[in-house]
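What follows is a set of structures for review.
In the two complexes that follow, chain A is the common piece, with chain B as its partner first and chain C second.
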Partner chain A sequence: MTAHSPAPQRAGFEPGLGSTRPRHTGVRLFLAATWARAYVRIAGSLREPTWIISDAIFPNLGMCAFVLLYRALGAPREYEALAVVGGVLTTYWINVLWGMGAQLYWEKQQGQLQLYFAAPCSLVAVLTGMAVGGLAATMVRSLVGVALGVWVFHVQLAAFSPWALAAVFVLTMVALYALGMTLSSLFLLYGREAWHTANALQEPVYFLSGLYFPIRSLGALGAVAAGILPLTLGTDAIRQVLLGHAARGLLPLPLEALALAGFAVLFLWTARVSLAYLETLSKREGRLTQRWQ
Partner chain B sequence: MVSSSEARVPAVETRELRRVFKGSRGSPDVVALDGVDLRIEHGEVFGLLGPNGAGKTTCIKILNTLLYPTSGEARVAGHDVVRDSVEVRRRIALVSGGENSGYGILTVRECLWMFSQFYGVPSAEAGPRVNRLLAAVGLSDLAKTRINRLSTGQRQRMNFARGFVSDPEILFLDEPTLGMDVNAARELREFVTRWVRERAGRTVLLTTHYMAEADQLCDRIAIIDRGRVLACDTPAALRRSVEGGQHVELEVMGAPEGLSDVDGVAVTWGAPHPDRGTHTMKLRLPDGGRLPLLLRTLEERGVAVRGVSTRETSLEDAFIAIVGRGLDDGEAPK
Partner chain C sequence: MAVIPSIRAALSRARTAAWLGWQVEGNWADPVLFSIYILARPLATALILAIMYSTVRAHGADPTVFVGFYVANAFHSYVNTVLVGMGWVVFEEREEYETLKYVYASPVGMFTYLAGRSLVKFTLATVSVVVTLLVGWFLLGVRWDWATVQWLPLAASIAAGLASTLFLGFLLAGWSLVLTRSAMVVLEGVTLASYLLCGVIFPIDLLPRPLQAVALGLPFTWWYEALRRFLAGHGTHGVMQRLSDTQVLLALGGASVVFAVLARWGYFAFERRARALGRLDQTTLF
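Right after this comes the complex of A and B.
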């Protein structure tokens, strides 16, 4: 049976007139959505004072332990700087894994994922917002690590170029958070509890990235890890900028910077492709929402 | 400005819309929608009424670009939901009852602002609109309160407001008052009515379990069951479409046991009154004029009538007549 009975007309009804107010589209919509989603993380990180202690101070205790261990063993002083750089970058990896990789899964569990898919902004904009917000919020935590290294442990650094440091840091962050955007759709596609998936990835990446020791110590394994993990290359590149030859770098710095730029482009592309695939698959199989929705 | 050709485009149109979910672990496939044809004009409040599993939410998900149809066609504001999903999303908003939108760390105002940005609402416009919406749903005093400190009812009202923050052309309300207290639900229904009338062309597609809600809000209602539209008309026309007559309820004493009809009119019995010892006798008289005759017959048979009430055919009566069971009932006996 068809349902084409005539619709009653309201008083003053003018058919076909919808919203005529101009809304942002294109790049402006992308930026508005990015800022709105970033705001959640930035406001959230500043709103709960107790989180500053639990999120910024406690995670740096592992780094302190390594510095004290190297000091107790009488290791060369540059090892302490290696551990501090590793400790600082650890905070970003944790954020990428838990704050990016697992986020879409949790959005779905909460029943909120469908609201993102039903909105006109792109999901890439939402994930970029998560990345920007997560990066800004994690900055506080990493600065605590830097402060501990400089003012508490008095780590010794070589004369370095702040521009080179900024460039390598930015490349590392873009590659790392683009990897996080890819992981977010992969976690959702994988379908298992994101909690276990993130846990399974956390410690092996710590190890393969050589966060608390020179990556060259891993030999061939280190070279392979550097080939697949932007965190490994980023850590090594930042150490080379800050410590020079004492960092015992894996590859020449320009080559590592180039590889990081390649990772950034590759992961941004895979993020876009995997999100598009996720959307298509989810719409076909009805996976965007929970059963109760 | 909207051109005259666009003005003739319906707000929502589906043709032979079908969605089949693959059964898992050997269970059979589930046909959620089985050839649904709908045409909803701009400016309408249109209701989809059906029992659990009828296909209402599946239909809404397809129209909101969250699910692909297996076959058939669905258009929103003239745009195909599969091929032009971004154009569709610019014109719609979705509110589902009992959803958890937003993040607990944000305040109510921040949360609504955040969602406005996902729809590209300029910030200068979003702020005043959020304030108006908060006033409309009675949350102005809680604008600066974090979401994780709201009660369930307050959070539901915030979710409801979220649907309006982008000033959509077409609003989908999927069981929007589910679990709300009576007063809040009534206020929100009144708000929807005002919102639709405020500007020409605004359209609402509502799914609900509450007959009274559908009756009060909707210009037209489609009754849907097992993925098929069984009837579609105004609430008044649906009521008229079922066999007319007068529904009579009598509170009686001394009725003979097993009495199943009076003068050929079928009787159904309610539970006995715990204090007065009376029973409720329910009948539908095809002709209202027969009531005095019926009362005389009962008196002659020694039945004492203590009270009489009558009512006209309700939307629920129409629904039961069309579907064969009530909204929350199981299968009708064969």
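Right after this comes the complex of A and C.
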């Protein structure tokens, strides 16, 4: 390259304005980073056929077993509908746990985590992209559970408002994936135990969220769980919209929606704080590039 | 005789592998945390079943039927921990720790190594089964009449069930040797599919007919039915009800022998295939 040749265009930088001015800053950079990470997640999830099968079918196998248990015990059909709704929601919890919570740990294992910290965008934007992409991919896969419920188990739904369903679903998902963003930094701090923690949290959360029975059946424990886990309240709220009185709801629906919104704000804040702490720790101790730590 | 020293050597190697397995499984946490980790999953599932039953008890759910399902669910820990766990050993050694090739090249040998690692998993599964049954008995009211327990058939069925678990574990481990990244999906799939296909918590009559045929071919279906009859005192309704205790035991024994032979042959066939394909040290950065 001679002294008079034009500067080569660099990815992410504005052409014609010199190589030092980035194309995106502020909110635009946040959104661009979010979209970029979401795209990777969606495209990646479509390129691994075995993962499509595992994400779409496996969570529903457990749901089928629990529905058949109700049938074996001679329970009224409305309980089968309760279990189907809960079973569909397990798909999201699994995605939050493994696709969000354990993700930064995987990134470290693969030697990519330091790239996230070195990138000019916020780590919150990266995790938001991961959440948006994961949610989009999981929504498609959870349709398998819906199809099983409708065509195999013939669940009966009450007349419901699609707007109410959409509102409650969005609130639940924002709260749930914000929790996943918080878990991702916590799991990374725990290091090698991330795998075990994610493993150990799966079924206990199914239990505490009342995914296969009305949360009211847990009594006081159910109320405590509802105060900690957004999945508990989200499951109950979605069931109330879809099943009406048969859902045996824990709290009135507007109250649950309000609490879910509160969860969303709280977990988005804790995610931001914990990621900032993680970044500081990574620079101070320099441990994040080491596998097995 | 040369047989005794070779058996002694194999046992010694298996013991070493078991010790190593214990270090791998348990060295990441203190004993209390490790116990919580081991018991959280099976106890949570047991509690889900118990709450489901208590929720619908008022609608006429038969308590004896539920006891049978609870017992089978407790023993299903062996399938989750040992059978699937042996496949995870291969997956972790190759992908996580990248030590599979060293194990394969060592004088211990993969088969003995896997047998040793399975001992730890059997121990952990046994703890899980005992605690789940104790929690059921003392906290959830899942009880049976000890006077009706048929001890000899029960012991025989447990022996056959555990042998089937071990041999199918070898088969799954062999399959994991051939598979790379997809081993994770297969292992998770087997865990969940076995819960559905073996009629752990419902009679297999509720499955579609083709799946019923598959269920009847699996030793675990017969094992759980035997446990219900010989421990809890009641089998399931439907297809199984038409069979006598002896027929159930014979079916369990037959299925176990067939699967043992098939699994041993299959393991070594998979191992040869994995070696030919160069899969023993192939990592995929999953």
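Just so it is clear, the second predicted complex is superposed on the first by the 266 of 293 C-alpha atoms of A that agree within 3 Å, B and C clash if a C-alpha of one lies under 4 Å from a C-alpha of the other, contacts with A are read in each partner's own complex, and residues count from 1 in each chain.
Following the convention adopted for this analysis, a residue touches a chain if its C-beta (ideal position, glycine included) is under 8 Å from a C-beta of that chain, and two chains touch if they have at least 3 such contacts.
This structure is a prediction, so every number in the text was calculated from the model and none was measured.
Residue contacts after overlaying the shared chain place A:Leu218 against chain C, while chain B stays out of touching range.
When both complexes are overlaid on chain A, the residue A:Arg47 reaches chain B alone and has no touch with chain C.
Looking at the shared chain after the overlay, A:Tyr206 reaches chain C, while chain B stays out of its contact range.
In the superposition on chain A, A:Gln110 makes contact with both chain B and chain C.
In the superposed model, A:Ala32 lies in contact with chain B only, and not with chain C. Taking chain A as the reference chain, the count of touched residues is higher for B when chain B and chain C are set side by side. With the contact threshold set out at the top, residues 48, 110 of chain A are in contact with chain B in one structure and with chain C in the other.
Taken together, the chain B residues at the contact with chain A in this complex read 1-2, 4, 6-9, 21-22, 36-44, 57, 61, 64-68, 77, 86, 89-94, 96, 99-103, 105-106, 110, 113-115, 117-123, 125, 166-170, 196-197, 199-202, 219-220, 222, 228-234, 237. Those residues of chain C that touch chain A in the shared complex are 28-29, 36-37, 40-41, 44-45, 47-49, 51-56, 59-62, 65-66, 69, 181-182, 185, 188-189, 192-193, 195-196, 200-203, 206-207, 285. Chain A makes touch with chain C in their complex at residues 48, 50-51, 53-54, 57-58, 61-62, 64-66, 68-76, 79, 110, 192-193, 196, 199-200, 202-204, 206-207, 210, 212-214, 217-218. Those residues of chain A lying in contact with chain B across their complex are 1-5, 7-10, 12-25, 28-29, 32-33, 35-37, 39-40, 43-44, 47-48, 110-112, 114-121, 126, 283-286, 288-289, 293.
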